[in-house]
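One structure is given below, encoded as structure tokens.
Order of writing sets the chain letters: A, B, C and D. Residues in each chain are counted from 1.
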Amino acid sequence: MKLRYGMVGGGEGAFIGAVHRTAAAIAGNWDLAAGAFSATRGKARASAAAIGVARGYDSWQEMLAREAMLPAATRIQAVAIVTPNFLHAPVAIAAMEAGFDVICEKPVADTLDAARAIAQAAQRTGRRIAVTYTYTGYPLVKQARVLVAGAGALRRVMVTYTQDWLSRAGDLENNKQAAWRVDPKRAGEGGAIGDIGTHAFNLVEFITGRRIESICAELGSLPGRVLDDDASALLRLEGGARGMLACSQICVGDANDLAISVYCDELGLHWRQQQPNSLRVGRRDAPEEIWTAGAGQAYLASDVRAIQRTPAGHPEGYLEAFANIYRAFGEEVLTGKRADGAPGYATMEDAIACMKFIHAAKQSSEAGTTWTRLDTLCLNTP
Amino acid sequence: MKLRYGMVGGGEGAFIGAVHRTAAAIAGNWDLAAGAFSATRGKARASAAAIGVARGYDSWQEMLAREAMLPAATRIQAVAIVTPNFLHAPVAIAAMEAGFDVICEKPVADTLDAARAIAQAAQRTGRRIAVTYTYTGYPLVKQARVLVAGAGALRRVMVTYTQDWLSRAGDLENNKQAAWRVDPKRAGEGGAIGDIGTHAFNLVEFITGRRIESICAELGSLPGRVLDDDASALLRLEGGARGMLACSQICVGDANDLAISVYCDELGLHWRQQQPNSLRVGRRDAPEEIWTAGAGQAYLASDVRAIQRTPAGHPEGYLEAFANIYRAFGEEVLTGKRADGAPGYATMEDAIACMKFIHAAKQSSEAGTTWTRLDTLCLNTP
Amino acid sequence: MKLRYGMVGGGEGAFIGAVHRTAAAIAGNWDLAAGAFSATRGKARASAAAIGVARGYDSWQEMLAREAMLPAATRIQAVAIVTPNFLHAPVAIAAMEAGFDVICEKPVADTLDAARAIAQAAQRTGRRIAVTYTYTGYPLVKQARVLVAGAGALRRVMVTYTQDWLSRAGDLENNKQAAWRVDPKRAGEGGAIGDIGTHAFNLVEFITGRRIESICAELGSLPGRVLDDDASALLRLEGGARGMLACSQICVGDANDLAISVYCDELGLHWRQQQPNSLRVGRRDAPEEIWTAGAGQAYLASDVRAIQRTPAGHPEGYLEAFANIYRAFGEEVLTGKRADGAPGYATMEDAIACMKFIHAAKQSSEAGTTWTRLDTLCLNTP
Amino acid sequence: MKLRYGMVGGGEGAFIGAVHRTAAAIAGNWDLAAGAFSATRGKARASAAAIGVARGYDSWQEMLAREAMLPAATRIQAVAIVTPNFLHAPVAIAAMEAGFDVICEKPVADTLDAARAIAQAAQRTGRRIAVTYTYTGYPLVKQARVLVAGAGALRRVMVTYTQDWLSRAGDLENNKQAAWRVDPKRAGEGGAIGDIGTHAFNLVEFITGRRIESICAELGSLPGRVLDDDASALLRLEGGARGMLACSQICVGDANDLAISVYCDELGLHWRQQQPNSLRVGRRDAPEEIWTAGAGQAYLASDVRAIQRTPAGHPEGYLEAFANIYRAFGEEVLTGKRADGAPGYATMEDAIACMKFIHAAKQSSEAGTTWTRLDTLCLNTP
């Protein structure tokens, strides 16, 4: 029994739409039944045909309206949103109001207010919503969370996320993926801080199981760019731990280098997304340990073992991490029950923390790099 | 337009069947339409239900017979074989004779004669057949082949494939996967040499583009085991290059460690399956280069770039490599044309070379580690 | 013709004294002729005997006085200072006033004022002084400086230096090396920030060839400790580049993990002290390069090649890096000429920049993590 | 109290002589008192002056004769031999007969018979002799030996030693180091097999604590070369373990890549000379462990800890490994007692095993790659 879903966005040429569809296919419990794959009428239908989806619609409004009228056994049950950020909120809210659960690409919205509106709609309608912070879908990230939970007080966190695809002046013009990501009207107020900084932020909160309380940040960008493409921040976490976060899209030579180190009383651990199947664990006066992912890997937590498809030494990757999010949310929608163990996906609460981070980073930087609390940000952000 | 296929074997508890199904789902051009998932009647149907396949059959014979009678637009077009080795030949031959193309798990058969019978059946029926030597599906393995082709004379090859899942005396009894793999009646005459040695062998032939002409081998096993679980061999390749191959399933601490080094006049290259997205390339008097996989990675060969789903830094893994084999073979079956560039899958010719390797390794070892040519092996092997 | 030197400090049980002596032996142009190895009378002589030095003195004052009266062909020409920080200035100033050149362990003094007094003494007496910031003695650190100089504008620097030897509450009491390092009277106002933070700071300035202009820092420590054992800082460099620096001695599992990433317009480079013979260099749309240390390594800058003792693949280490500083300074003292290429040792100017860093870090942290300029620190620091 | 030694060979332009002298300086218990640094009269004295040795002689015969007549408190006590291989035996035998202990570069001689003559001279004269198989001087190689000794039965060994400095046709002519190494009159019957293959062989015997009983080898070389530059061998060890060994000097891109894997009942371990301070240890169903070198590293064997100069994270390298051999042998000569724990240097017995390996490899290869026992090699080798 699979979950029928309709996709909004993700037509030809889009990167993340195809990723969502493949992830859903790997998950095995989703069935792509409908789609409004583009805001451009002709392109929407053409993409539907190319993708091989029976019910292709001209617009997301049409999709929601028409699907809602289909018989329960046929109509979609959930909507996957892979549009530019500014469309997340209108689509998500309308989808939930039309009775569909929602799985939404990150960041969950272009502004903090929009994110809050989604959260309110979820509460109002009783619908479920997951946000795809991919990297927490990796098995060893979940294992890291388990290890940290049992390792005494948290001391220090260092996370860096660096890319180079915007490292040249002309990259904004030449790259289709860049166009909306660097336009505040479509991306929101965050550039790199929103696009990848929130991944780093969410990864810290996930692994440590603690909220980041305040940040002290500096944002920058290459000449002529409106949004930040490079940012650094000091962090203070619940319970007193300190940390640092950097994200940048102008770091020449780095493809997609997300790396995190977390230190507790009893251990330090290190994970790097580009080699996701290894987790380095350091202890005082003992050999460093390399924990390795794998189905059936006896020393991993049982819920970490359970989500893997291949035994140790048969590497899983980005798409499988993404699939883990789809599978967990799909399972929850289908059964109405959340699985045990580490959360299987980012909730609205997590996603709103990320939105606060974007806003606080900007505010801190504009105020000359001052400590800015995330929990006291006023509701009516510009 | 997807290729409808039926699976033989791969019911509940089997490892490789689920891998094939997921690979086909990632490939995107295959549709699982039928299955005879087990040799045990009740289990076959139960597995079909669990997997969610509409047309579950009690036996592969029934599947072939019944599917052949369905309308062309409905019936399966290809058969995926994921049974223990000794069943490959009967199923493959019957499938081709019933008009279906075949994709078959490696090694292609339990004996060299059985493999030759499959090849003859393919020729007789005009059907296509692919053998899933997974590791040649990795993008950087294909890139390695491109690099070697342009690097002058081949000098030396070293390949090792080590695992530890049979490293304890009791592993044969305790592990379901082990049962048939160590039984000569079901696995064939090779133990480790067949199960993983042929992967190493095929990888050498694929990357170098040359056949291995002779080997000089020693096989061994832990006390009480019938088939080899550990083997070493010296290699001589077409054109005069030399090499070494080791495979073992008793190497404590190694999960699935397939690693290869190839040296030519102009460069040396190194690839390790457990970190499949990096290819080390060494040149004289120059910094070592780390080639990194990724869709759109400008410096990779165009057909290598084309088969990837995610940009550099978003790691693909074992399932995607497997999917590349499914996609290439599926495309060929659907269009009748083979894609340009590196071969997308292992052919019967490749698969028979692997069978000769198993046989020659055994023969060489039994004769006291003597050089044994692969091309003069007599037809009527025991 | 070797440079005769006398050592102050470094008696039995001290870590860094033996390192200096071995480094001088590897350098090959130094000759240990005298020593006042301890502030404890009996221990000084005993250490001299154990070390095998002919002229062992009871105190550094005695050594300076007595050596100055020896014939020119016999008496020491330079003094190596390896005492706790608070003694650096008195010994260095007295040594220079007695006519000796000085090589001094870092940080050059316990306070910024003391450092300035040393600089003034050097100017007054015309003596030379080198400070042993070890890590800039590594060949590939020098190569990194060459690469950065030719790589366009500097963009971002990230440096972390983490250890775990003070990670437990009781470490201060149990570790002889810790005793003076965590006592502000003997170490100065910086804890980790002075002991290892200045290494990280100096490494940034050396590789980039730019001064760090301002920092925005937060210092912390485990309960009950007077000096910091953990610090984070944002950095602004001359010319507009930004960066981050972290140093900590409570990072469980990390032995001595100094790592730096530097990004310019044309490349990004990465070096880690624990694997000092590799330098990763990333470029846009090209394979990553691994530059490898080695005498005769054709692609390295000639002055980088020249300082190495063994060919590529024969790893040099920490002691050889240290020896490079001794050799360069020794050569300069012996010949009166400074070698071409990258500076061979940290000068008083470099060392004072490090002292300003300690002071500014403390000041910034106490002021609530505010940007603090290094060049406007007032002279009369507490 | 230091051991006074005289060096034979190692004048200007020689690689290994300077390495021995630096190693002795790091060891700290050796004092270079005399030398006959070249077979060319003028060059010998010039080198002595350049190196700064008081007693430079025109020939090793002169050195032995004249030193023997000096007072006991002045004359050398040991001779370090760093000439081309064919001179090792005459110098070593004469030195021992003149009453000096000997430390000799590997391989200990050019022929097996010459090696035996050295052994007989040692027995006859009662002098001590050490052979500098450098790589067993690394702390983690000693730790590996300790681990293997406690890990149950030995199963499999794989060792490879690859370089590229002879990878081009013209390298013999253009490289001073190559000249004698590829001339059978000066190097002996082994090319790569003697120069680096014996290192690999000795490393296996050291770590496993077992002799290699038989080998089955194939040697090769680029066109026009008299001696082998590339070799592969299967190994059988005492007690039944199997293995493989490869050595080659034509492996493009490899500087000095000596790597070994050893598998026992309880663990597998992996060491690579180019990153000598890490030892990977794999166990079944447990995270891989990275053992790290360092003085004071609590989990290392006490005699392994004791030979290190710097704490974990301060890398030691090739010269320190070499110095460990000098220190151990020097200590033994000075005190007349051998230290506990792993042997500190290769004995004549070890060195003769290496000579047998060279001879057996050649014999096996010429006989068409047949198993050849090392213990039954006849005395009168050609």
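Just so it is clear, a residue touches a chain if its C-beta (ideal position, glycine included) is under 8 Å from a C-beta of that chain, and two chains touch if they have at least 3 such contacts.
Computed from a predicted structure; not experimentally measured.
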Chain pair showing more contacts of the two, A-C and A-B: A-C
Chain located farthest away, centre of chain B as origin (C-alpha): C
Where chain A and chain C are represented by their mean Cα positions, the distance between them in whole Å: 43
Chain B-chain C separation of Cα centroids, rounded to whole Å: 55
Separation of mean Cα positions, chain B and chain A [Å, integer]: 35
Junction residues of chain C, two or more chains touched: 254, 281, 288, 292
Complex contact set, residues of chain D against chain B: 155-156, 158, 160, 162, 164, 167-168, 216, 218, 220, 230, 232-234, 242-244, 246, 248, 250-254, 261, 263-268, 281-284, 288, 368-371
Chain C to chain B touching residues, read off their complex: 281, 285-292, 297-299
In the complex with chain D, residue positions of chain C that touch it: 1-2, 15, 18-19, 22, 25-26, 28, 52, 163, 254-257, 273-277, 292, 294, 309-320
